[in-house]
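Shared between the two complexes below is chain A, which has chain B as its partner in the first and chain C in the second.
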Partner chain A sequence: MSAFLSIENLSKNYGQQIAIKNLSLEIAENEFFALLGPSGCGKTTLLRALAGLESVDAGEIRLQNQDLLSLPANKRPVNLMFQSYALFPHLTVYENVAYGLRREGLPKDEIAERTSKVLRTVSLLDQKNRSPSQLSGGQKQRVALARAIVKRPKILLLDEPLSALDKKVRSEMQLELKRLQHEAGITFILVTHDQEEAMSIADRIALMDQGEVIQVATPVEMYRAPKTKFVADFIGENNLLTGQITTSSFMVAGKSLPIANTQLPSGSNAVLVLRPEQITLGVSGFVAGKLISSNFYGGSTLLFIDCGFDQLIKVTCVLDQVPVVGTTCHLSWNPADATLLSDG
Partner chain B sequence: MAQALVKTERDANQRRALISRSIFLIPGLAYITIFMLVPLGFIFFYTFLTRGTYGGVEYIFTLENYTRALDSLYVGILMESIMIAAAATLLAFLIGFPTAYAITKLPSNWQNVFLLLIVLPFWTNFLIRTYAWIVLLNTQGFLNKGLINTGLINQPLEFLYKPGAVILGLLYAFLPLMILPIYSALVRIDPAMKEAAINLGASPSQAFRQITLPLALPGVLVGAIFVFVPSIGNFIVPELLGGGKTVMVGNLIRDQFLKARDWPFGSVLAISMVVMLLILFFLQARVNKAVLGEKSG
Partner chain C sequence: MGSKLGWLKLPLYGALLFLYLPIAVLIFMSFNESDAPFTWTGFSTRWYGELISSPEILTGFRNTLIVAIAATIIAVVLGTLLAVGLARYQRSAALEAIALTPAIFPDLALAIGLLTLFTNLNYALGLDSVIISHALFCAAFVTAIVRGRLHQIDSSLEQAAADLGDTAVGAFFRITLPSIKPALIAGALLSFTLSLDEFVIAFFTNGPSTPTLPIVIYSMVRFGVSPEINALATLVLLTSALIIIIAQRNLKVKDQI
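Coming up: the complex of A and B.
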């Protein structure tokens, strides 16, 4: 028994530069999967390799046990929504969406029916005779999406689909994408550098760095139990304190912090990971420091507190409990909530 | 009331912005007006006048110059000129498009080298370059000698003084003007366009025909006009390589002004050329709009 899509030991170099390094990944059917990582981590190369637009040096990609790499790009049951949308400017909205069906040589009325249906799904049927240059950014994006799903691919690839949209349209499109994925029953693989986007939309996330997958997990797992310092730093706001484990505590910049039981040996270098919302302010605490500034985010406020570490400690605080800047705050947390990662 | 005031203020601001922007247009507009529109106006005015005995014009109104232009002799010359210029343009496209396409496929630093090579002939005088073709093509020229030496022919062939030689000369002279606009149209096409077509199931050749070629069409049209316009009005190439046997409309116009001293008739021919070119520009603008959409048209 093997996964719907399995990528095994995939490698790709551009000359000296490594784009993908011996990467393996399994993706389930109907999954909304996100490839997340900083720019240059290889996520787009992986996406393009799936679409057949990029060759690979070694490894295998199997879709339902069928070798995908041996299929030419125009024969793969995989459609890509381009970051630039790549709408054909000399064709109308309708012709753009129908383009892929026409290449399949389907009967005319079937093309018309499927194209109109998809255009209705993305509510662009009224704009079908417009040229792409007459559409807004959000509409262009929906045309690009319609053009990709009308082919009923087994996998839909989305390359930074929301990056060109403003924040409000973006959250609408996120909902739209999720609904479409649910309705169409297609496996979606989304590439993004925006961790919030990946967290809010995907069933599972693969966090990539320098051509390798660092961690594959659901958004909640990845937030709660980051596997490495890189994951902890990349996903969400975090306090990362570098120090040394002693027999009963954690030493950071000469201060001793309490820790729960850990697998890591005493005396080893480690990173203490503390989410801003895990820290509470009180009359006494494990450490104390001066409030440097507070950033208001509507529902909550992020405080920056100088405890004498190499970085300011971030603490989330509800609006009516924000102390005055300059006051001394006492920080405490449940040691069992904090994660200890080895700092290799 | 207050709103109306705000509105007039905004209008005034916009007007001021428009005026300050128009200042930069003045040198160009002045140049075109003084050196192009005003002389063209004179030429148009001359078309209704009578020729002077020793050149110049006499101020007697007539339409005879126009009726004379419809003479089959002149219509024939115009037609042949169109055919020759069109043939040169078509050949320039057939050679220029693959060349431009090939250059876009090179690494970017090599692209610049090849573009430089394309315009290199322009560094030599146009007359000299055209004379060089006589040396190559005449009965004692390199081409005939080469063909005789290889035994393909016994007698030297007459290449010169035929429409074919004129077409060759024009093609040689203006080919770079076809390559450059096509190149710039091709490099501007987002590579994702072709990839999107392939991703949607098009074969590479379908993607080229259905996406790349139509998107390069505006560049092709600019190239076609750049080659066709100087070709049809050219009188140096027909003179040198056509040997006076192949008369094009450019030679005819020159002869009316300098030899026949019939300025009004020469003006009619010149104006008819201008009208033809305006029609070409109009058609080109229409195609551009259709390909690139309303905004960029």
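Coming up: the complex of A and C.
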């Protein structure tokens, strides 16, 4: 049994520039999948290749065992929600949403029924005769969403759908997207550069860098067990200490830190990955340093401590235990919690 | 404060006077009762009446209208196709410059070039050769206006249409064309006014039996400026001004959306 959507050995170059490099990926039915990565990592190119708006140089895309690449964009059972929303400015909200159904040549009452139903789902039925220019950013985003899902695609592609919204509206829309995906029962593939967004919304994430998939995992897995230094650095706040493994410890800038069992050979270069919330402050510890500054985030405070490494160590601390800036802090952690990654 | 800085407005009024005095004199003298061109004897609209009864002027007016309408239609179609082609399929700055240059070509150079071309082709000069010539330089203006409009509209609109199941041709007529409609109207009105009072190119490329209105005026002026000419020029001026105002408003209103 093969996957719902399978991408095999996909490659795409723009002249000398490599956009996608021999990329393979499998996505399951009804999954909320996120393509995450820094700008220029190829995630948008991949999304546009799925939509049929971008040609590829090599590779295969199969949807339910059907070749997708041989179909032009207007024949694919896939719809894209554009980053700019791309609402037709001369058409009303209703006409925008009905556009795709009219192209299918469906009977008039079916078009009316389906369009109204989708508009009700995104709570825009009252605005159906408005022009897109009369809508707020969040409303435009919902029209774009309605226009794409009314076609009942097998896959809905979303290109940075929330990037144009302010923070408060964004978190509301994240919930809304999740609810819609659940109700509609459609596979969602979302492109974003915002790791928090991907973590909070997706079932699984593919983290991309320079045209390649670095790791595919659930948000929790990716946070807990990053496969490479790049993943550890990209996902969440992290301390990455570069050093060398000895027989029983980890040497960083002349200091010896305890480690749990590792498969990495003694003497090899490695990166110790330590989450800020895994570190505790106490009267004694593995390493000590002076508190340089603290950033208050409401529920928690992030401390920056200078332990003589090439970077300040970040430690999460609850508000009423924040030490005075300048005091010496002793840091300790459970060595089994820390991840050791090879630094090749 | 207003009175203190009032003298600063002097250059403004001076410039406006410089620009509009000749036109004001023209309109004023077109209502002169006497046929002496430089002395005012009293108000009259008799020269406007004489215009209508002159067969030469009426023929010229008819010819001009035919040329302006036909050239506008050709220019809008060609100019739009050119603009869409430049915007969507071609990233060459040189080609874009070549497409837009006829708009700023010296009329005389264009006129001589066209005349040479028609003569070499043994093409009989007449209204049709004027239409072709006018369409040529008007198309460049239409291209410039439509190109500007295409720059403003989101290029992903056509892709969105394709994504929603539309064909390329369908997307052009349903999405692209309506989005650039204000520019098409503005381009058409501009072409029409440009063709309406164009003299040099029409003079060179026209046949002897089909003079356009500017050519008729020119041949009348050779024997001195009559108040009739003033009246005619006033009408041409008002028509052009009206069309330009409509074109401007059309572009502005639609741009706010």
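The rule we apply is simple: the second predicted complex is superposed on the first by the 344 of 344 C-alpha atoms of A that agree within 3 Å, B and C clash if a C-alpha of one lies under 4 Å from a C-alpha of the other, contacts with A are read in each partner's own complex, and residues count from 1 in each chain.
Please note the rule applied: a contact is a pair of C-beta atoms (placed from the backbone, for glycine too) under 8 Å apart; a residue touches a chain by one contact, two chains touch by 3 or more.
Please read all numbers here as calculations on a predicted model, not as lab measurements.
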| item | value |
| --- | --- |
| Fit or clash - chain C, chain B, common chain A | clash |
| Partner chain(s) touched by A:104 [first = chain B, second = chain C, both, neither] | both |
| Which of chain B and chain C A:53 touches, first, second, both or neither | both |
| Which superposed partner A:89 touches (first chain B, second chain C, both, neither) | both |
| Contacts of A:226 with chain B and chain C, given as first, second, both or neither | neither |
| Which of chain B and chain C A:276 touches, first, second, both or neither | neither |
| Which superposed partner A:211 touches (first chain B, second chain C, both, neither) | neither |
| Doubly contacted chain A residues - partners chain C and chain B | 51-53, 73-75, 79-80, 82, 84, 86, 88-90, 99-100, 103-104, 131, 133, 147, 151 |
| Residue ranges of chain A touching chain B (in the complex, touch as defined) | 51-53, 73-75, 78-80, 82-84, 86, 88-90, 99-100, 103-104, 131-134, 147, 151 |
| Partner chain C, residues of chain A touching it in the complex | 51-53, 72-75, 79-80, 82, 84, 86, 88-90, 99-100, 103-104, 131, 133, 147-148, 151 |
| Contact footprint of chain A on chain C as seen in their complex | 153-154, 156-157, 159-167, 170, 175, 178-179, 181, 257 |
| Touching residues on chain B, where the partner in the complex is chain A | 190, 192-193, 195-204, 206, 210-211, 214-215, 290-296 |
